[in-house]
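Let me give you the structure first, and then I'll get to my questions.
Think of it as A, B, C and D in the order they're written, each chain with its own count starting at 1.
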């Protein structure tokens, strides 16, 4: 019995336990509201259902949040991801829209490559400001957040560029083996990031830099290079997310693509258990966090919550998520279970006391 | 045995500014340079009223940024400010619309913000949850309250409000509004609080190292809750000023204001990690944003996207110079 | 005497951290007007006991009474208010505030409710002058060396009107003179009727001042003894829980042949190396297999010299040569590439990454040198980490514990282990024995001797002159941030001569140009 | 540095008699808005009016600031598209005191004091909603059973969303069979429209009509409808507002069923008004932009000549 209890404690003590509970509760609430919520059917050889929507729609957020996790792990923050996504989506769509044959795979690949290259440049720009010049991350990336929106609109001339390109569309709404392609991309990128950070020493080094930059420098870590790198990675992730967002609706809207995604991404990272102060980061937590956020948004639509109160609903859930996750909060309700130390036996103590 | 006393550093010349204030002074100098550029480029820029307008138009931002300065000095962050500003304006407008006496409205409006701030502070402290997430929930909540109260903007016609809004306090040829005076009073009170009260010093202490502050026997919890309450109060005052400014409550007003506020505070030289910064710096930060905006309006030839790019560019130039001046001094 | 009542008693205190029983039924009694030494090995539970007392940690069992009243402080604030003033083990001050404020924050002198800055500065200056510290109190605390910070922390604690003063390893980074100052003040306070808890690993300090001693081992109480009735050897035996001869054998081993090893080309040679505002240009050579000790008073610039060798600070004058070839060491990476390692004195801010585990902290430098693409294989990690956990007796011997949760002394050992596994050619040790118990200290000394015999060059900085003398082939004396003397450690060299060199450094100016 | 206010006083660039128009635009939040901006810029060029353009980035505060600065610059006429209806009295009074006439474009303000501005030019959002609703009532007048409508609202709290919702609701009240079964905000964006529509389709087995507050949300919803295996324009009747090019194309292709136009091209009309106001001529208190509605056939005819 006691082993069962310790095993239970092990499960409930796991970092992902409470976020997952929240996710399940949200899904359950939806199912109660509409029993068919969980049903997934096969339509035209594609999986079809609200659950699939949630995962597909959270793919861009997952991508952005992955990059954001790394940035936050170094103690930084990247506000520019939304703008970077918009710029890259816009460039890709602009290039494709100018091709005689928008369905040519080559053209789409070129478009994506060009936009991706731009993303790397933008990431490098952030990286130089933060790591090279030493500007506070929030303000350094704020610059690109503001200017990047302008760039995106400059690219689209303030219009919505509509394209009609099947290969590009695939990125957002295509399917592979009945699964939405976006999910596969998100999985692949997750895998790459996970392998890159956890199979090499990169993850630990990032955590060291975030935990104590000066100590890491004195241990021979090239802190600046690492800091630079995470901003580039973050921008690259944002670019892929930007492709997905624009491919989803086959159009690039410089103003709307990725608007406020930085807040959602940071929220996902934080829900996932990574501290904004830097240090340890948890990719799996980030993904669960992103899923929670998307489920929340979808719930508002699926449960037809009045848009005027939707934000109140969001606020309640977010606060519930953080409360339930906070050990200090749970501790307050578990006082009576406080472990009591077994009293030491007198023999063990062998006090040798001398009167003062 | 002789003990060599550690050689005291040479006496400081009276004109030498303390190291800590160099960044703020550098910022001030750069701000003046920027203003000078405006004057040399656009004729009407040199009107004193332009300067006053920057204060008139940014009075509420200034007040909110002052509150944010407290929070950031402790190493926290408050994302709820923009929404609380909007909520305060909405509540005032809707209560006034219902015919409630302005004094009562003022009181209620000034209580809601701090109450929410207090609640957030308590959650942050007692449950040890990251401020970012708590105040983000607060942001959703306050904005949700706005749309819940009304999805359309509510005009204010109350006599007290309109006279507060339209009263012009003449200074020679030019004028300022009541809001400017309120903002300056808030700045003065905040600067005094930070420099000369225990609460203020504890704010710096927590920002320096919360663990150490705790071990030094400082009231960490109380101070943390206090700063979020103060930020809430400043947001409430900012909300009132905004309702003076626009004579209405609109559910979508002040969206994204938290970023402007944070930007102003950080440009003013306050470290986002806490423990270092001045209210005066925040004033400069707000002015920098105001001057950038004024420069762009005066130019009047930029398209919408170039506006954003130029704002980003000016911000970059400013930060870069500020940083370079700072490095040289280090 | 027996009718005296203890001002403070702690009875049957237990404290459990996840996986560690840090305290197990510990008692402590404090009488007014006594200095009570709390002794024990690294990780014995001394700091935890103190933190339980002042309410930083809650107790899992046991009671605390102050003046006969049962108390349970919710935190240091309450403890301070009740008259328990504490200097915690790591310097826990605020680097972003001025020295004066660090002393007075929380009880600033005020006029009409406003903080009276002028008065505060005046009193701070006065207070520091009493412990012979003459520094600019308006400067940020963070700009001073760790030792200065520690003095400030002490000044802060002794200034309050406390009935109980707790000093957790206050002397770990102080020089003999500062220690003497501190002792003087402690005596004064004791005579005023204050009860003082004193934690240290320096036995002579204990025997110099303590009235009674409480010994802890592995979180358990061993006993409480009047100092006079407990010979040093017995104390050490009680602390480590075994017979002492093993220890003595170690001690003698380190007493070794210190014949100069200056033949051949120096491994590292500094020629006119300096950095304006921090160290005056100096020249110094270090040979393979040589231990160079750096001696000097607090703030004399020893740390700065070490940082120049390591590239932690960039030299702006002079040249550095490694293996006879000029080497531009502009950053730590360049230094590490050339086989230099630097174990810094301030382990909390410049050494460890608190959140990471013991294992990760140990392999960090090695990993950084290999580049992130080539992770140290897990098997090798386990092997290395296990070896050094054992060699340095790091406790608890759990490599996956966050290093933040280790006791101070054990943290120091982790830092040392980090550099030892990189097998450097020049190892710079800045106060490596700070806060380390005697058992481990001899262990480390023996290790240094062994390494140097194996051909490693060591630059050794320690506030303890005996230690420097015991290990070094050559003692370099610093004063006022300049190198004032280089003394060969032959039989004629003793502490007095070194002190003399420090004191009369100005007169020996000539040596600087050696 | 700022003592030369006397030289500033005769500024404004009207030394050469050119009219200076200070225009504060809401932002560039949509293609519609950009077309609006372009129309105004082009017309100003054509009319020989010097345009001081300012983008408020969807913030009322910024617009007020811009108007203040226009007053400082002593422009001849101020025009702006208010972000929200209320809250303009103070700054408009300042303009009035500085004797600068003000023209509102695109959206109205709710000031009680009508003397604060000279005229209003723009479209009527309520009317757009009403026209859409009336068309639907006409279409479904034979419907016997209930007709399920889903609505994609614009940004919650924004004036066009509020007004279009209101106008539409008023119009369909004429037929009790017409029922809005779900209504959510799609933030005026394609992605938003698509995401909301996906859930509408799953939550409501029978959707007969989609009413979207703008073309973009409608276009987004199209994809969701197709993905759900339904035929837009046939299985689901789609009504939108704006008539941007992509929307018109969809209408012409038979994917949409009806669009109420909301024209951004008010530049020429505005410049006329500016000249008249400057010359002190009387102008009507309210000028409506020339707008119409489109059915599929009308769209096919109109498409080749659409400017945006």
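Heads up, the rule we're going with is that a residue touches a chain if its C-beta (ideal position, glycine included) is under 8 Å from a C-beta of that chain, and two chains touch if they have at least 3 such contacts.
This one's a predicted model, so the numbers in the text were calculated from it and none came from an experiment.
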Of A-D and A-B, pair with higher C-beta contact tally: A-B
Inter-chain centre distance, chain A versus chain B - centres from mean C-alpha coordinates, in Å: 30
CA centroid of chain A to CA centroid of chain D, Å: 35
Whole-Å gap separating chain A and chain C, where each centre is the average of the chain's CA atoms: 42
Whole-Å gap between the CA centroids of chain B and chain D: 34
Per-residue overlap in chain D, given as positions that touch at least 2 other chains: 27-28, 34, 37, 156
Numbers and ranges of chain B residues touching at least 2 other chains: 147, 151, 303-305, 307-308
Pairwise chain contacts under the document criterion: A-B, A-C, A-D, B-C, B-D
Contact footprint of chain D on chain B as seen in their complex: 35-36, 39, 42-51, 53, 56-57, 60-61, 146-147, 151-157, 162, 165-166, 173, 242, 245-248, 250-256, 293-294, 296-298, 300-305, 307-308
Residue numbers on chain A that touch chain C, as the complex places them: 199-202, 204-205, 207-208, 211-212, 214-222, 226, 279-280, 338-341, 343-344, 348-356
In the complex, chain B residues that touch chain A: 79, 123, 126-130, 132-134, 136-141, 143-145, 147-148, 151, 259, 262-263, 266-267, 271-272, 303-313, 315-316, 319-320, 323, 327
Residue ranges of chain B touching chain C (in the complex, touch as defined): 1-9, 18-20, 192, 195-198, 201-202, 204-205, 207-209, 211-219, 275-276
Touching residues on chain A, where the partner in the complex is chain D: 34, 36-37, 43-44, 48-50, 53, 57, 153, 157-160, 162, 173, 245, 248-251, 253, 255-257, 297-298, 300-302, 304, 307-308, 310
